[in-house]
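The letters A, B and C name the chains in turn, as written, and every chain counts its residues from 1.
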Amino acid sequence: MVTDRFEQLAPAYDVIVVGGGPAGMAAALGARETGAERVLIVDREGEAGGILHQCIHAGFGLHWFGEELTGPEYAQRFFEQVVEHEIDILTDAYVLDAEGDLGVRVMSERYGMRTVAGSAVVLAMGARERTRGAIRIPGQRPAGVMTAGFAQKLVNQAGYMPGKRVAILGSGDIGLIMARRLVLEGAEVVGVYELMAHANGSNRNIVQCLHDFDIPLHLSTTVSRIHGHERVDKVTVAPVGEGYTVLEDQGSDVVCDTVLLSIGLIPENELSRELRLRLDPATGGPVVSGSMETSRDGVFACGNVVHVHDIVDHVSEEAILAGRSAGAYATGQAPKPDNVRLVPGENVRYCVPHTISTEREHVVHMRVTRPFEACTLRLGDVHARPLRYAFPGEMVTVKVRPRILKEFHGDTLKIDVVPREEGMSA
Amino acid sequence: MRYDVIIVGAGVVGCAVARELSRYRLDVLLMDKECEAGFGTSKANSGIIHAGHHGDPATLKGRLEWEGNQAWDRLADELGFGFERIGELTVAFDDDDRRTLSELEAQGRDKGVTGLERWDAERVRREEPALSEEIVEALFAPTAGVVNPYEACFTLAENAHANGVVTSFEDPVISIDRIDDGFRVHGRNGTVDGRFVVNAAGLFADEIAAMVGLDGPTIRARKGEEYLLDKRLQGYVKRLIFPSPTPTSKGVLIIPTYDGTLMVGPTAHWALKDDLTTTAEGAAEVFEKVRRLAPGISERDCIAEFAGLRAVAEGEDFVVGATAVPGFVQAAGIQSPGLTAAPALAEMVVEALKDEGLALQADPEFDPRLAPPVRFATASAEEQAALVASDPGYGRIVCRCEIVTEGEVVDAIERGARTLDGLKFRTRAGMGRCQGGFCTWRCMELLSSEADMPVPAVTKRGGGSWVVLPREEAGRGH
Amino acid sequence: MSENAATETRHYLCTGCPLGCRLEVEALDDEIVEVRGFSCKRGKTFAYQEFTDPRRSVSTTVSVDGGRWARLPVKTAEPIPKPKVQALCDALHEIRLRAPVKMGDVVMQDALGTGIDVVATRDMPVGDASVVGA
């Protein structure tokens, strides 16, 4: 995978994309589609591809490419298209801050400090992992406590093992995937401990990462203490009761030398804050319109920086749209305004985008607050759609077409998910 | 090898003593059991240079607080570490508190502390809008400041080293023999002789003292937990915020650290000397008390936590000076305001050594100045551009949360860092909101290439704190 | 059920969708008698497959020298029999490639006699992985 394919960093671009992971690459392609001639991707790693390079497992591309690919394959397919479409990629480069009216200040080994002007900017910085400090696990601070994603990079790219006997806190997919990975590489995984009463990751991962390797999953359990002065030597695991209170006296010690934390992702919005974008506290990311434009003209956002996704194909869809909007904006076509605000209603934690137009088609993403079997998705009182299931761990996607909103005349549309009444057919 | 002075303990006092002694033509050894200077109690300190009025002048710690406070501008200027007098507010919620403020104010004036001022509720609200509306009055002390205590230790030790002091880390003292004209100190790295020994061994000063046959003072550990908050709270309060003190404790504080990260704490409870655990009770206590000061602060803002152990001598005061053993001088029981008082303590120790017979002959080569390390994050845009132009290493980001460049990490390795914590505390890489998720691998690669160590040899902070295993070791015996 | 029969019931968690139906396969002398617990066709198919010939896709990494990274990610071109997964990973551990490598290059042909190749899942250009992998 060649990077830095271009010879000259231009002082100005039609569209600047911050972040060259799956979101950034798709956005750049989208921008080219709608007429942006000069498009630049800036990425802090040594190559574009983002987090996909360390996600060596399959599960990517079923929707987008119609085949199941591994993370690196998905990244490479996009990268080849990016190169083919003559998009500039500056790697080993970091956007320090925004400058003036849509410029960015970029630092890089190769070009030093440069201010690069853009007619439009797409934010695609992704998300970071929650760390120990976020949940304040009592105990000392020995070596051997790290996020599952960091361990993944160590194992899959650097070629080192984080330890020999590993406890994993959190049953999210990253933790489950790493459980399997570590066993295949010869380590022992003593258990996966999950605070909630249900697992967070997919059933496929539960089967293929835990059941296949006889790794126990302990629900309603947490790591209540980390022991070890210099290196982890054991953890105390304890059940949790009402309101997730830790029942420490019912805890027991588990000998291990490594603790992996798989406790959630946080959209990385420092640059968004610098740009003074409006953020949605429910997502942790910018408020975006139906064309993925933020609260600031000409600034668009897509991917995990807006809200944490489960499936990279959805990231690509969202990002292509953001890129197309940015490209159109840069070539003088401002996005048409939205006229309806989407509001998360019953059992819905958030919906993205935050506004839509009754004149255009949109893909709306949302997450429910609790698991549902047969349920109904309601858009205001103009549309109801049966869903076979809805789980917090699997983003719900609904295509909203103008004809669905034909009878809707308000400016705020509430989205609810409610249990399906008895007798309603599926 | 024979030294004039062997300093046991490279915490802030040991380092300050080393630097003072490096002004003279002497052979000095500074030794410590940790992998870096200040990695015992000093680095876990709150980083406050106290205003001067807090301590009772009937105690040594009370007397040295103001004297020590005044030395920090010059120290920071000479050694290039960050120091800022951000000022402090001690707040009152009721009449009892108001009375305490008056006592503090009077105590400060007696000692000569300058700038003390009473603020009414309205002024407090205006100047610090995030503070509780229930505050009725506050005592403002402009002389209070903040510093990163580990930076002070690193630079004191580096300057001492540049001026000829020999340093030895990961070198705990195992035993000491009294010999003719001095002491034979057996450390892990070898045996050395010294005419004089300075015991600045913090939590273990009593154990070191016992090695030469001294009886006391006993040192107990009082643990303090501290909680660091997300950087977006920078500026939430601008000054150090203290509740009205009780006889036993200064209380749980809001501390805008030098680099802007807000810190809340510490607690104060007796603990064992190896208990550096943070606890759920400690967190609850800190956030409950802090919310009383600033209702908008919550646990959800927390990004990291740590604990420190204060070395408390029986009698609760500093124990400084000569002892019953000729040539053996102590600076023990250095609890708060130990950091503040360190410059004054160092002078006291040197005086005591002189009284014990150490000849102090000024060294004309002594250079008090240490060039400050590059700090890309706080440099101006022009300075940043110039740095990158001078060395492309400054153009490559290592820590994106704190904006630390590869050039700075390489500089830190050149200045002696050999561990991840050594890099972290010198450059701030790993201190931000992602807590090392992005930068740790880069730091390990750089330690490996620049300090010529295989990656599995990189530790978090020396000793057994290994970070990764090569695949062969981790597996089923491949 | 006759007294000589050896019936067993195996339980599987269906991976077809988040509903996670608990599947039961009842078998007599290794022949499936009944499959229960599914709520759709996919679940039934999954249960049959898991009982008769469980297969898994394997992704892992192999050592590569002289490349941008010390490890090259690889995968089995198709799922292989589940019992061979660990042995395959152990065998791949012995391989040491040299950059450059192209996505799709065969790293191990006919892995462990399965007839299925193990292939590279990315290009690995020549580069400076500053530390040679373990």
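Just so we're on the same page, a contact is a pair of C-beta atoms (placed from the backbone, for glycine too) under 8 Å apart; a residue touches a chain by one contact, two chains touch by 3 or more.
Note that this is a predicted model, so its numbers are computed, not measured.
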*Report the most central chain, judged by the distance from each chain's C-alpha mean to the global C-alpha mean.*
A
_Let me check something: if the centre of a chain is the mean of its CA atoms, which chain is farthest from chain A?_
B
_CA centroid of chain A to CA centroid of chain B, Å_ = 39
*Could you grab the centroid distance between chain B and chain C? Build each centroid from C-alpha atoms only and quote it in angstrom.*
53
*In angstrom, rounded to a whole number, how far apart do the mean CA points of chain A and chain C lie?*
26
*Multi-chain contacts in chain A: which residues touch at least two other chains?*
158-161, 185
_Contacts with two or more other chains, residues of chain C listed in rising order_ = 131, 134
*What are the residues of chain B that contact at least two other chains?*
455-456, 470-471, 475, 478
*For the complex, which residues does chain B have touching chain A?*
227-228, 232, 274, 276-280, 282-283, 299, 302-306, 381, 384-385, 388-389, 392-393, 395-397, 400, 403, 405-406, 433-438, 440-441, 455-456, 459-471, 473-476, 478
_Please output the residues of chain A touching chain C within their complex, sorted ascending._
1-2, 46-47, 53, 56-58, 68-73, 75-76, 155-161, 181, 184-185, 202-204, 206-208, 211-212, 373, 388-389, 391, 393-394
*Can you list the residues on chain A that touch chain B in the complex?*
44, 92, 94, 96, 105, 107-113, 128-129, 131-134, 136, 138-144, 146-147, 149-150, 153-154, 158-164, 185-187, 225, 229-231, 246, 248, 273
*Quick one: which bits of chain C touch chain A in the complex? Just the residue numbers, please.*
12-20, 56-61, 63, 68-71, 73, 75, 82, 85-86, 89, 103, 121-123, 125, 127, 131, 133-134
